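In the two complexes that follow, chain A is the common piece, with chain B as its partner first and chain C second.
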Partner chain A sequence: MAPLLDIRDLSLVFDTFDGTYHAIDKVSLQLKPGEALGLVGETGCGKSVLTRAAFGLVPVPPARITSGSVRLDGRELLGLSDRALRGIRGSEVAMIFQDPMTYLNPVFRVGTQLVDAIRAQSGGRIGKAEAKSIALDMLDKVHLPNPDRQFRAYPHELSGGMRQRVLIAMALAAKPKLLIADEPTTALDVTIQAQILDLMAELVEDLGLAMIMISHDLGVVAQVCSRVAVMYAGKIVEDAPIGRIFDAPAHPYTQGLLAALPHPFKPVDRLASIPGTLPDLLHPPAGCRFAGRCAQAHAACAAPVPLRAVGPQHRVACTLYEDAAPEGAAHV
Partner chain B sequence: MSETSDAMLAIRDLKVHFPLANGQVVRAVDGVSLTLRPGETVGLVGESGSGKTTVGKTALRLVPATDGEIRIGELDVLNASGRDLRRLRRKAQIIFQDPHSSLNPRMTIRRAVAEGLILNTSLRGRALREKVSETLIAMGLPPQFHDRFPHELSGGQKQRVCIARALVLDPDLLVLDEPTSALDVSVQAQILGVLKDLRAERPSLTQLFISHNLAVIRFLCQRVAVMYLGKIVEEGPVEQVFSDPRHPYTRALLSAVPVPEAGRRPDRTRLTGDIPSPTAVPKGCAFHTRCPVARKGLCDTTPPPRVAAGGGHAALCHFAGEMQTT
Partner chain C sequence: MRKMIAKRLGLMVVMLLGLAVITFTVANVAPGDPARLAAGPDASADMVEEIRVERGFDRPLPIRFGIYLGQLVQGDLGTSVYTGRPVLQDVAQFLPATVELVLFSIFIAILLGVPLGVLAAVFQNRVPDHAIRLLSVSGVALPMFWLGLMLQWYLALDLGWFPLGGRLGIFDDVPPKITGMITFDALLAGDPATAGAALWHMILPAAALSFPALAAIIRVNRAEMLEVLGRDYVTNARAQGIGPFRIIAVYSLKNAILPTLAMIGLRFGWMLGGTVLVEGVFDFPGIGLYAAKAAISSDFEPIMAVTLILGAAFMLTNLVIDLAYAALDPRVRNQI
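Presenting the complex of A and B:
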């Protein structure tokens, strides 16, 4: 199947007073229609910047895209005008974020904002009455209790979970092909998080929606996604089906992340921690960016390490697996 | 349950109410009793607005209590004044979620850790310097860090400074309010390791660990108390509560925890709706509005009894005796 989203060799730098900060380095990532991918990594790994840069949401300057291409349904997005990108965002690609309150205007009713968004997404083809019926329909789809009443509510009258449902309704009203969810449940309580994750899993399945869920929490990703890409210091270090990530993590960083997680239902005596800190991305190492913290690093890690296939749909950027697959099998 | 006499921290029927300008009252803590034996690590878990942080702060008298009794050792916390209050400040320490906002940006970390000693002890000069360095090194901060300012440290390092600052006074009681929630998982693992080692290094140190993260509580604590709308609805040994929860809220909370494993979990109890406002706590059992097993005419009128399940495990539920783990 042709990929819905095809990011190839994308590199992005930020020009700062201290020098050039290499935030994203030659990242390639493909997403099939209807696929739910978890993009996982710690603070500063570039997971949010990557997805924003792909859709023209990182301000240039200070950012600069130095190489690569981003294709959505075969159409190149890099270099498109702001106007053309605005037509794609909202209608073909939608995003939801961590803090739903920040993305709702506090002085307008929820319904007004939904109707405005739906009309804008349609490019003005949809009238007010039709937009309202779509909005109510969407509020019902995201299981918001009493859609008629909430339609007239102001954002502050809703709880955090309800606001996130409103934003999901707004994002999906135009029937986008791809949803980017950036830490959508991080600000929510555990029981509410579980409700929202259930809803997202249901919508992905019912609407045949492709999704990239950005999260620092492998447990959250496991509830919704079928595949995981792990990022470290601006690079994807491992990309695998969800089962493989948990049962047979290949990259030492992925292994370290998993060993650092306390488990709610298993007694764990000690947690492994990853020694050291992130490399300085003003002067990134030429080779593996994790080598400085890796117990298994050796001489070969000083040279650039591409992603290589180590199993079905399983790619890893690590010299430990150099011989597992022939060159050129990297982009499957 | 142990008696007050041999307890390090004993909270009896604590109520903390905040009156609002419009005449309503926020019942943040509404009748909490909790006993921590010396050397014990107890987790206090709950969602936002459950009152867990207020319990922790009130225990150190950082928030005034409305009613109830709190004892730290022999000290009557709520009525202490003068010398007793000073002793309390030294003997009971707290660590907060955000280490950055808990450190003075204009103080080196050496100064930050020394300040408590200067205020509370007669240590000065070289002895003071040595004690501070020793404590910082024990927390994994080598000497080259000691003259740095907070902004020159990472989040994990700053949290180590906060722990060092609390421990340098040799407290009997440590309250930890979400100490790892602002940290990345690999850094969280380091801090959790430091805290677990404390149990071996300072066997008499008693810890009240406040968190919304059940996996972290499971890793660190011996006992756990689950809070909902200002009340402890279940408490007991961690293993027992996690494997055989008796309160429907605890069951729902446990089944909502995202587990780092592939495959969706079949045994899901989902709660509908949100936590009610603590200004309008539901009558009867506060949880009945979201409870999957609530019975009309009972749960919405009669406050639930405390049902013991053996081994210090108890739940506040009309049906706690009937709950079976499937």
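Presenting the complex of A and C:
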């Protein structure tokens, strides 16, 4: 099946006072329609920047996209005008974010923000009254009790879980094809987290959405995703079906990630317990970015390490698998 | 809300009382003999003594303060030695001019300052930002009266574009007094030409008076806009495909304007004080000029009255700002 989202060789740098910060380096990632992919990695590895840059949401400057291509349904997004990108955001690609406390505007009513978003998503084709009825309908769909009242409420009058439901309603009102969920449950407490994940799984199924779920919690990813991409220091180091990641992790980082967990369903943040330091992305190494922390590092790791297929739908970027065919040669 | 307003008004009375004590004390320990002053330069020593007893200047300070308060409560602000008229009458004549000038000035400062601050933030570190920043830095650096003198020198004296001073030209008709603010009175009387002339006379003093406030408003609003534009809810609005104009002018500005409001309130108070200088430069017959003359001639009761009026105006401004804050921010509204 043709990919819905096709990111190829995407590189992005931030021009900072200290120099050029290589935040995203030659990342390639494909997503099929209806597929749910988990994107995991330590805080700061570039998960948010990658997914936002693809849709023109990283401010330029300081950011600069230095190479690559992003295609949605075959249409190139990089280089599109701001206006064209605006037409795509909201209507074709929806996003929900980490902290529902801060992603709603505190001085406007929930309803005002919903109606504005719905009208913007439609490119202005939908009138106020129709947008309101869609909004109320969506509030009902995300199981928010008493939609009429929440519609008139201000964000601070809602709990965190309710706000995340509002944001989900907002994101999905236009029935997009792709949902980017950037740590949507990280800021919520555990019981609410489970409810929101259930809701998302339900809606993704109902609407036939493709989804990228960003998380540093493998447990969260395992609940809603069929495939996982592991990111380290601005690169994707492994990409495999969720079962393979748990049963046969190939990359030493993924292995360390799982080994460091007393229980696989614990946040990846504990990963800090892998010894060694992150590479300096102002002067990134030419070779494997994990070398500074890898017990198996050897001479060959100083040269660039491409992603290679090591099994069906399983790619890994590590010299330990050099005998495997490089990507492209293999049928993935 | 109503309770909050009542509480604030009550607090205002207490603060004004404090202000009265301080001003009264300072004015009375300052050198200068009020009896001598009241008696006039030609009075003999006997006459001065007579006036001292008659006006109560020989009695202890606390008692005199009590007497002063008693008068104040009855609406008697005393008499100006300098004009020889009741202070209340002077105030009624000069205050509206100043109110008009200050309102006009703050209006200019807000009308220019808020959009310029937004513009500077949106074009951060690009040409418009640099130009606007230059403007706001000079607003901080240039003393108000110096700016007033320069404006008067070049634009009025040299180029003749504006009048040198005063509220109206000698050939303009003074409208019947209703509010005392000529622009409004002229409009009420159906005389837009005179209203225009009054505005014309206010442009230079208002420019001098509003420039520092303009600079401050730009600075605060720029900083706030920069901060707000980086907030998560702006990212979310962008992710929904909402257009840049609505994001900047509605979603962001309504948040950024809140701290700017506090600055506007503060600056309004400073402007009231600034009228003492600017009205002097432009010979604008307002309460500032009146206060300056009273201070120079140690005219005690007008000084007291003007201080209390300016104090009350400052406090009222703050109350209005807080109410505006509550009107804009539902979180604040909930707390009061």
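Everything below uses one rule, namely that the second predicted complex is superposed on the first by the 316 of 332 C-alpha atoms of A that agree within 3 Å, B and C clash if a C-alpha of one lies under 4 Å from a C-alpha of the other, contacts with A are read in each partner's own complex, and residues count from 1 in each chain.
We take it that a residue touches a chain if its C-beta (ideal position, glycine included) is under 8 Å from a C-beta of that chain, and two chains touch if they have at least 3 such contacts.
Note that the coordinates shown come from a computational prediction; the quantities given were computed from them, not determined experimentally.
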Under the superposition described at the top, does placing chain B and chain C together on chain A give a clash or a fit?
fit
In the superposed arrangement, which partner chain does A:Asp82 touch: chain B (first), chain C (second), both, or neither?
second
Touching A:Arg8 in the superposition: chain B (first), chain C (second), both, neither?
neither
If we overlay the two complexes on their shared chain A, which of chain B and chain C does A:Val220 touch? Say first, second, both or neither.
first
Between chain B (first) and chain C (second), which does A:Asp189 come into contact with in this model arrangement: first, second, both, or neither?
first
Tell me which of chain B and chain C touches more residues of chain A.
B
After superposition on the shared chain, which partner residues are touched by A:Thr277: those of chain B (first), chain C (second), both, or neither?
first
For A:Lys26, is the partner it touches chain B (first), chain C (second), both, or none of the two (neither)?
neither
In the superposed model, how near does chain B get to chain C, counting Cα atoms only, in Å?
10
Inside the complex, what are the residues of chain A that reach chain B?
42-43, 145, 159, 161-162, 189-195, 197-198, 201, 216-220, 222-223, 242-243, 245-247, 256-265, 267-268, 270-274, 277
Touch list for chain B against partner chain A, complex:
47-48, 154, 184-190, 192-193, 196, 212-216, 218-219, 239, 242-243, 252-264, 268, 270-275
For the complex, which residues does chain C have touching chain A?
231-233, 235-244, 246, 251, 254-255, 328-331, 334
Which residues of chain A touch chain C in the complex?
52, 55, 57, 82, 86-91, 94-95, 97, 99, 102-108, 113, 116-117, 120-121, 123, 154, 156, 167, 170-171
